[in-house]
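What follows is a set of structures to go through.
After this come two complexes, each holding chain A, first together with chain B and then together with chain C.
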Partner chain A sequence: MSRIEKFLLLLACVTGLLSLFVYPLNTAGEGIASSPKLQVFCGLTLMIVAVGYALEETVLRYRLLAGIAICAVSLFGAWTLIAWLGIAADTSALAAESAQSGPGAGFWTASVAAWALGWLGVEQLAAVMSRNRLLQLVLRVVIPIVFGAWLLIIWELVTRGLSVPQVLLPSPSAIAERFANSTATLWVDFKQTFLKAVLIGYSMGCLSGFLVALLIDKSSFLKRGLLPVGNLVSALPIIGVAPIMVMWFGFDWHSKAAVVVIMTFFPMLVNTVAGLSAADHMQGDLMKTYAASYTQSLMKLRLPQALPFIFNALKINSTLALIGAIVAEFFGTPIVGMGFRISTEVGRMNVDMVWAEIAVAAVAGSVFYGLITLIERMCTFWHPSFR
Partner chain B sequence: MSAEAQSATGNVVTASDLSLRFDTNDGAVHALSDIDLTIQAGDFVSLIGPSGCGKTTLLRVIADLETPTSGDVQVNGVSPQQARLARAYGYVFQAASLYPWRTIARNVALPLEIMGLDRKERRARVERNLELVNLSGFEKKYPWQLSGGMQQRASIARALAVEPDLLLMDEPFGALDEIVRDHLNEQLLQLWDKTNKTVVFVTHSIPEAVFLSTHIVVMSPRPGRIIDIIESDLPKDRGLDIRETPEFLAIAHRVREGLRQGHSYED
Partner chain C sequence: MLTVSAICHSAGFQVTDNGGRVWPVTVVVLAIIAVWYLSAVLLNSPFQKDSYKRQKQTDVSLVTLARDTMSQERPVLPAPHQVAQEIYKTTVQKKITSKRSLIFHSWITLSTALLGFVMGTVLGIVLAVSIIHNRALDKSLMPWIIASQTIPILAIAPMIIVVLNAIGIQGMLPKALISTYLSFFPVAVGMVKGLRSPEVSHIDLMRTYNASSWQTLWKLRLPASMPYLFTSMKIAIAIAMVGAIVGELPTGAVAGLGARLLAGSYYGQTVQIWSALIMASVLAASLVGLVSLANRLVLKRMGSLP
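Right after this comes the complex of A and B.
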């Protein structure tokens, strides 16, 4: 067992014992006996600790099973703790304000125990060595899910346990509830901002950057004249450009797409220009000995050689485009769009709606980025960084 | 008139009074000076000399990858540029320089695609030339999956696929270890014997030059010039063992003398 695993076991042991026998569960002084499920959880925790100490060798041999069991117990604990918070809130609402009872020290020690188990479980799963492809794939998905789930759980426990004001940081459950209740609005905003402004602006920006790079490659006149101008465009602050684009192209998504075009054009331009000169002299000479035309050596040598650079730009631009479109909506827009929603709901103190929009943006951005990475892997499988 | 009929009799490469000067920031560099050279059809000519003697530059002039400052070069009776555009030669570089996104078969097919040959012809030539360099069965592999020697053999197959009568090779085995190099030298000789091509071969290894060539051109640096042209009377059909014979050692000695005469061993 590694040092960190020993520490986590010890932590789970101490906190489990404290919850079971020492600290009260709520501020009213009730013990853990008032929640049988939490009692079960603490019991399971102590059992895991005991097994971990007594049968160390065996546990290390069956890390996969141990990891699954420990993760399951920790998630059960987290779920029980969150459910208990809900019950406590209900009962304190029923009771008079004077009898209000929040989570006590025992609740927090139990939370720490569950968290320590969660970490321990992920630690076990991450240490699993297997040649089985399917298992590897499953683990690659499961480990980050458990990890991410625990981030949300801690967020939930802290915001609700300490009654953090909604305006500062709403709990994930509140955000999820708001999300579920306003899918129609979120979808309309998503359509306006992502499917129109981002995707169209992104395609136009990347395509024009690419085409201009091809032109620049062909003419040294353009290389000297246009590249510095492109550089200038990249230095324009979008905060300054966005209102002007609104004046030029109107309130609807067109002006946001224009901002995205400006943001994505330059990264694609410089990357493609750099990529087109990435082929070494020998490869170029080879094309010359074949008496290849400009187009032939472009299609068969220089563009394939430039692909890693082009995909780099596509990836950088996928995040730039989303930022650009959302920020651009702060400067005048019809009453729809993710940026519009964020700026107005913040004004109304509906922070949970802001977070719901952020969640949409995060998921959309990650999926977009992931898709590009996937295509990149297929197209540049030969590159030393992949093969 | 086929190119073969023409080259079977005439001079494949003629250079007279050839000079090439590179103007660098540190002043002019005389890469080639007053080169006179005639290469006949079926010859195996090695250019040998120390680094900087212009042997690669001379090969690149023949291939129209460099333009001479003065003098005259003809390849197959026309200018190097016309010869290049007519795809009169195959060029093998120091490194295999295969494209990593193409399989071995598609790498060999690359010049054929550029020449605009149809699919059937391309496939036939790829198959034939891979077999010639003993790479059958590796068609679907990618270059990075092959050893350095196999990659270089693939690049030779790629040059041969053009089916040129003239093969220009620039230290093709320079980066390989001696065992692989011996083996490839033997294969190259067999290939030359079988196909009856003209070969111009750049090297800085004396045994390699003597083993392979019918003519050895000894060059020396500053300025790059020809010191001696040695005609070898070794039989065309030779094995690696010939390197132990007195005849072989006599020629090697003459090459070494030539290099010494050109002060190649100094500084």
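Right after this comes the complex of A and C.
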């Protein structure tokens, strides 16, 4: 066992014992006996700790099984803790005299135990050595998901357990509820900002950057002159042109698309120009011995060699485009759009709606990025980084 | 033109190699300025013609028209010299403490960006060090670090500012946090690559010395990661600047370059917008230049540069 695993086991052991025997579950002083499920969880925790200490060698041999079991117990614990919060809120609302009975020390030690188990489980899963391709793939997906789930769980436990004001940070469940209740608004905003401004601006900006790069590539003079300037411009806060674009193109999505075009143009230009000179001299000479025309050597040698660079620019641009469109909406919009909704709902202190909008943006951004990565894998399967 | 090549040079672009870049860059920049003037005339002339018509002025020569389009109060696109005059007026002729001084606003943005950049760099390095030392963190945290950047943080900048304001945290820190969020990413990703860049044989050598993982980190991995660190820091400082500017938008146009942008867009002061924009660009370029200067100095000291 590594040092961190030993530490986590010890932590789970201590916190499990504390919440099972010492600390009360809520501030009213009720013990853990009031929640059988939590008792089960604490018992399971102690069992895992005991097995971990007693049968160390065996456990290390079956890390996959151990990891799955530990993760399952930890998620079960988290789920019961969250459910207990809901029940506690209901009962304290019913019985007015115990209104201040929030979660007590025992609740928090149980939470720490669940979290320590979660990390321990991930630690086991990450240590699994397998030659099975499918298993590797599954693990590569599952481990981050468990980690992300734990981020959400901690968020939920902290915001609801400490009753953080809704205005400050709403809990994930509140955000999810708001999300489900206002899908119509979210969809309209998504259509305005993403489907119109981002997609149109992104494709125009990337395409024009690519075409200009092809033109520049023909002249070494322009290449030497434009590349430093393009590099410089890529480092500038281009987002500042947003108010100017809003003035020129009006409040509707056209101005946002214009901002996106400008933001995406230069990364594409610089990357494509760099990519087009990525081919070896040897390879270029070989094309020459084949008497390949400019178009032929472009299509068969230099564009394929430039693809990794082009996809790099496409990926950078996918996040830039979303940011550009949303920020441009702060400078004036019709009464629809993700940036508009965010700025107005902040003003009305409807923070859960803002988070729902952010969730849409995050999912849209991740899916966009993921799609480009998928296409990249299909197009540049020959590249060393994918083999 | 000297300034342009100086900026390009300071921004880390070799001016002299590759058969001379000064001449092509000069031509390109001159061409950009020429296009700027031309579009200023074209974009501003409809308004100018309209005002001629209202003043019952007929047969205005083309030269007069061109000259008048470049001296409007609120042009659609101000000419470069108008912007230059405005920058001169608001930097040299105003006292630094004045609210109308561009230097005052630039300093506010600059200090925010620098604070955010420092915090982001430290956070990025800490994350990278823990990622290379813990397998579970490597597998679980790395995908989320990448995913974190698909969230348009700038979009929630207003909320972070308003919410932190509500609990009494004001001033520089909330804005700097946005810069931090943006700038930790390139540093974390670059440093993970950099800390893993030493060859296997070198790491094996450290093992034969019975070096602890801390010693390996300090004496082998960190020195080896310096080029990666500086490359990432160049990106990080540029986006820290963007974060600071956008962070200033929702504070209600109080101070800072972002506030100048917002105020300019409210009152149609295009010259003010453009001068803030140019100022921000100059600042960003010189910050990137400073980082690459530090890069050269450090690498020279370490003996990896001739």
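Everything that follows uses one rule, which is that the second predicted complex is superposed on the first by the 362 of 387 C-alpha atoms of A that agree within 3 Å, B and C clash if a C-alpha of one lies under 4 Å from a C-alpha of the other, contacts with A are read in each partner's own complex, and residues count from 1 in each chain.
In this text, contacts are C-beta pairs under 8 Å (C-beta built on N, C-alpha and C of every residue); 3 or more make two chains touch, one makes a residue touch a chain.
It should be emphasised that the depicted structure is a prediction, and the values quoted were computed from it without experimental measurement.
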{"item": "Touched partner set for A:232, first chain B, second chain C, both or neither", "value": "second"}
{"item": "Touched partner set for A:246, first chain B, second chain C, both or neither", "value": "second"}
{"item": "Contacts of A:301 with chain B and chain C, given as first, second, both or neither", "value": "first"}
{"item": "First (chain B), second (chain C), both or neither touched by A:283", "value": "first"}
{"item": "Winner by number of chain A residues touched, once chain B and chain C are compared", "value": "C"}
{"item": "Touch list for chain A against partner chain C, complex", "value": "4, 119, 122-123, 125-127, 139-140, 143-144, 146-148, 151, 167-169, 221-222, 224-226, 228-229, 231-232, 235-237, 239-244, 246-248, 318-319, 322-323, 326-327, 330-332, 338-339, 342-343, 346-347, 351, 354, 357-358, 361-362, 365-366, 368-369"}
{"item": "In the complex with chain A, residue positions of chain B that touch it", "value": "63-65, 84-87, 89-91, 93-95, 97, 99-101, 110-111, 113-115, 142, 144, 162"}
{"item": "Chain A residues touching chain B - in the complex, by the definition given at the top", "value": "280, 282-283, 285-292, 296, 300-301, 304, 380-384, 387"}
{"item": "List of chain C residues in touch with chain A within their complex", "value": "7-8, 11, 13, 18-21, 23-29, 32, 76, 134-136, 138-144, 147, 149-156, 158-159, 162-163, 166-167, 234-235, 238, 241-242, 245-246, 249-250, 257, 261-262, 264-265, 268, 270, 273-274, 276-277, 280-281, 284-285, 288"}
